[in-house]
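Report on the structure given below.
Letters A, B and C mark the chains in the order given here, with residues in each chain numbered from 1 onward.
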C-alpha cells in the first residue's frame, strides 16, 4: 500500500516538473500557437545556469536560490531573442515554426556541448534538500524526498504566481485578450507584438526555472531537454490550448500515471501505455480537457 | 436532376454554453421556393444554417425531402443534397476554378475514378462554368479571383454538387450593383429546379428577388410571408424601428420599403448595409471581417461573430 | 516534339526527368562510384523513399508527420527479423537472443517472420496497418495541425523507448545487427551489394512514379483542397478524414519499404534510426529540397543525407550547427525549398520582360540546377507548384 502511495508521490513530483515546463508552453503555444521545440534547450540553459552559479558561489543553498531568478532571466532573454529574430516572422505558419525552432534547439545543444563538454555534469543539492521526510514510519515506511517536495512547492508557487499575474495585472489582461481574440485586441490598441515578446519572455523564463528544478533530480546534459519536452507538449495537447486549469490537472495526471504504470510494468511499456491513453482520451475530447468554446470554423 | 424537395424545421434549438442562439424555430420552405432569411445581427440566422448543415449540435427536427437531418455528420448531410456557402467566400485558393468545380462534383465518385487523372471537363462542370460566368477563368487559381467571382464560384460548386437545397449566407455581400442584379437573376434561375434559402442584409436585394421571407429575431421566427406581408407586419416594424436610431424614425413612411431593415440602425456600421432610405448613397458592402465586428444588438451579436 | 514544347508539357517533362534519373542511377552511378560510395548512395536513396511519402502527406496534405521513423522502423525490423532467422538457420535462435535471452525458443511474434513471403508483405503492410488504425483514430476526431505533429512525434519517441526496453527480443539499444544474408545471397559479396543497390534504385523510381500519379489524380487535387480548407470539403460531401488517411497510409507504406531495403543495404536496424531525431531528419530533407515537389523532396533528402555523411565524419560539431542553420534558413526564408528558387528566378526574369524564349531556356536550366547531387536529373520529375506560388506565374 505504501509503495503505491510512494509511487503516487513520485508521480506527483514528475508532474510538478512537467507542469513547470508546460506552464511556459501554455503561454507560447496557447497564446501564439507557436510550437517552440527550443523550449527544451531553455530548460537546459536554466540547468547550466545553476551549475555555473554553484561553481562561482560556494554555498549550494545560496546558489540554488540565486539560480532561480537568474535562470528565469537567462532563459527568458533567450526566448525573447528567439521571438524577435525568428518566430515573429512565422506566426502564420505554426508547423514551420516547429521545424525552425528544432533547428535552433540543435544549435543550442551543440553550443552547450562546446562550452560544457558532451558528458553530463552534476550539481550538489544543498543540505536542507538532501534528506527525507518520513510520513509513515514502521516496517513499511513511506518517505518523501525533500528535493521532490521542493520541486512541488516551486511548481505550485509558479502556477499561483502566473494565474495571479494573468488575472490581476494589466499585462495579464492584455495577454488574455490576445489569446482570446488577436484581431480584436489589436484594434483595441494593444500592441500585440510587444505582448507576444513579453509572453515569450515569461514562458521561456519558466522553462529556465524548470531547469533549476531538474538539477535536483537528475544530471545536466546537452540533450536533457529533448525527451521531456515531448511529454510537456502532450500535457498541453491533452489539457487544452491556453487553459491553465487543464495544464495543471493533466500534468499531475500524466506524472502519476507514468509513475504508477512504471511500477506495475516497465518504463518502456509505461511510456507506450500513456501514449495509448492519450490517443484514447482525444477520442473523447479532441480539443483537450478544457477549451475556449467558439463558433469558429476551424 | 431529382424532384424538388422542401425543408421542414420543427422546434429547432441551439445553445452555446448556456446562451440560446436559436430558440425553438419552426420553419417551412416550400419546394422550389426562393426564401430570404432576414433579421438583426444575432437573430440566429447563420446558426440556423449551421444547425441544418450539421456544423453545430441542435435539438428538434430538420427534415428535408422526408429525411431527418439532425444527428447526421456534416458530409452525410451534404450528400443528401444540401449545400451551403459562407459569409466569407470559402474556395480552395490553391486550386484552379476548374479543379474547385471538379472536386465539388465528385463526392460520389468511386475509388478508381479518384485515382485517375482528370481528363477534360466533365459536362456538369462545363455547364456550371457557363452558368456562373467563369468559363474564361477556368484555369485561374481560385485564390486570385475577385471577391464577387469567388462567391459565384461557390454557387457554381453547389450547382455541380447537384444539391437540391442551397443555403446561401450573404451571397451578394461586397458585390457591385450590377453583380447583385446578375446574382439575383442567377438565383431566380436556380430556384426553378432547386430550393434556395438566402440569408441577406441587403434589403433592396431582398425586395427584388425574394419569393418569400422569414424574419428571425432573438432566435425565433418573428414573421413570415411575402415581402409585402412581412413589411406590413407591425411586429417586424417594432423590432427594427424599436431599436432604430432616432434619426431613422423621422422617416414618415412606416412601410419598411424605405427604412433600413439592415443593421445600420443597430450601430453596426461596419456591415455597411446602410441603404438609408432612398436618399443615402449606395455604399459598397464589405464582407464581415474575420473575427467579426464589435458592437451589435445584444450579447447575441458577439456570439454571431465568426472566425471563419 | 521540339525541345521547347517538351519542357512545357508537365507530363513529358516528368517522364524525361524519370528517364534521366534512371540513366543516372542505373548507368552513371554504378560506373562512376566505388563500391563503398555506391553503398552509401543506396542508403541515401532509402531516405529519399521516405521523403517521397512525406512529400505526399505533408507537401500536398499538410500533415506534418514527425513520426515516419516508426514506419521506417516497422519495415526495417520486419525485414531484419526475417533475415536474422534465416541467418541463424532452422532450429537455431538469432545470435543476440542466445546472448541476452533466457528463452529457448523464438517468441511467438517472431515466428511468422520466418516465412519470407510473410516478412516481405509485412514490411509494407504492417506500417500501413498501424498508420490506418492510428490515423483513423486521430483524423476522425479532427485532431490536426500541430496536435497531429506532436502526437506523431510522441509516437516515434514511445516506439524507440519500447524497442530499447525489449532487449531480449528486439536487441534493445543495439537493434538487430550483423545481418549476413539477403534471401540466400551473401551480403558481404560486393556483387550482391550492387544488386541490393539496383533493387533500391528501382523501387525508388517506382515509388516516385506511383506517388506522382497519385498527386496528379483527382485524389491529389482533393488532398490539396483538404489542406486548404478541410471544413469546406466536408460540406461538399466528402469525409476529409478518409482523404487524409490515404495520404498518411501511403506515406507509411513508402517509409516501411524504405526501412526494409535499408536493412540489407546497411546491415543493421536499431532504435537510433527511428526515434525523434531521425524522424525529424526525414522531414528536413524534404523541406530543404521543397516539400511540395517530388523532385525537390527526393533531391533534398539525398543531398542532406550526403552532406551529413560528408561533414559529420570530419567536423561533427560543425555539422550540427550547419544542420540547425539549414533548418532555419530553409523553413523560415525559403518555405518552398530549393526548387522554389528556380521559380523565383524565373518569375524575376519574366518580370524583366525576357519573353517567351527566356522562359523556355529557364525550363531547360531547371534540369541543370537539379543535377547537383548524386541522384541527378530527377530535376524535372516534378514541375509541381510550391505552396502559395501561383501557377499562373510558372511559365
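In this section, a residue touches a chain if its C-beta (ideal position, glycine included) is under 8 Å from a C-beta of that chain, and two chains touch if they have at least 3 such contacts.
Quantities reported herein were computed from a predicted structural model and do not represent experimental measurements.
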Item to complete: Select, from B-C and A-C, the pair of chains that is joined by more C-beta pairs in contact.
Response: A-C
Worksheet item: Of all chains present, which has the mean Cα position farthest from that of chain C?
Response: B
Discussion item. Counting only Cα atoms for the centres, state how far chain A is from chain B in Å.
Written reply: 46
Worksheet item: What whole-number Å value describes the gap between the mean CA coordinates of chain B and chain C?
Response: 45
Practice prompt. Find the geometric centre of each of chain A and chain C from their Cα atoms only, then give the gap between the two centres in Å, rounded to an integer.
Written response: 33
Worksheet item: Got the chain C residues that touch at least 2 other chains?
Response: 231
Worksheet, complete the sentence: So chain A residues touching two or more other chains come to 297-298
Response to the item:
Residues of chain B that touch at least two other chains are 55, 86
Worksheet item: Mind pulling up the chain C residues that touch chain B in the complex?
Response: 213-214, 216-219, 221-222, 224-225, 227-229, 231-240, 385, 387-388, 390-392
Worksheet item: Which part of chain A faces chain C closely enough to touch in the complex?
Response: 29, 33, 35, 86, 89-90, 93-96, 98-100, 102-107, 109-110, 113-114, 226-227, 230-231, 233-234, 237, 266-269, 271-272, 274-275, 278-279, 282-283, 286, 297-298
Practice prompt. Within their complex, state which residues of chain C touch chain A.
Written response: 62, 64, 66, 134, 137-138, 141-143, 145-147, 149-151, 153-155, 157-159, 161-166, 231, 276-277, 280, 283-284, 287, 317, 320-321, 323-328, 331-332, 335
Worksheet item: Residues of chain B touching chain C in their complex?
Response: 53, 55, 73-75, 78-79, 83-84, 86, 90-96, 99-100, 102-104, 106-109, 113-118, 140-141, 143-144, 157, 161
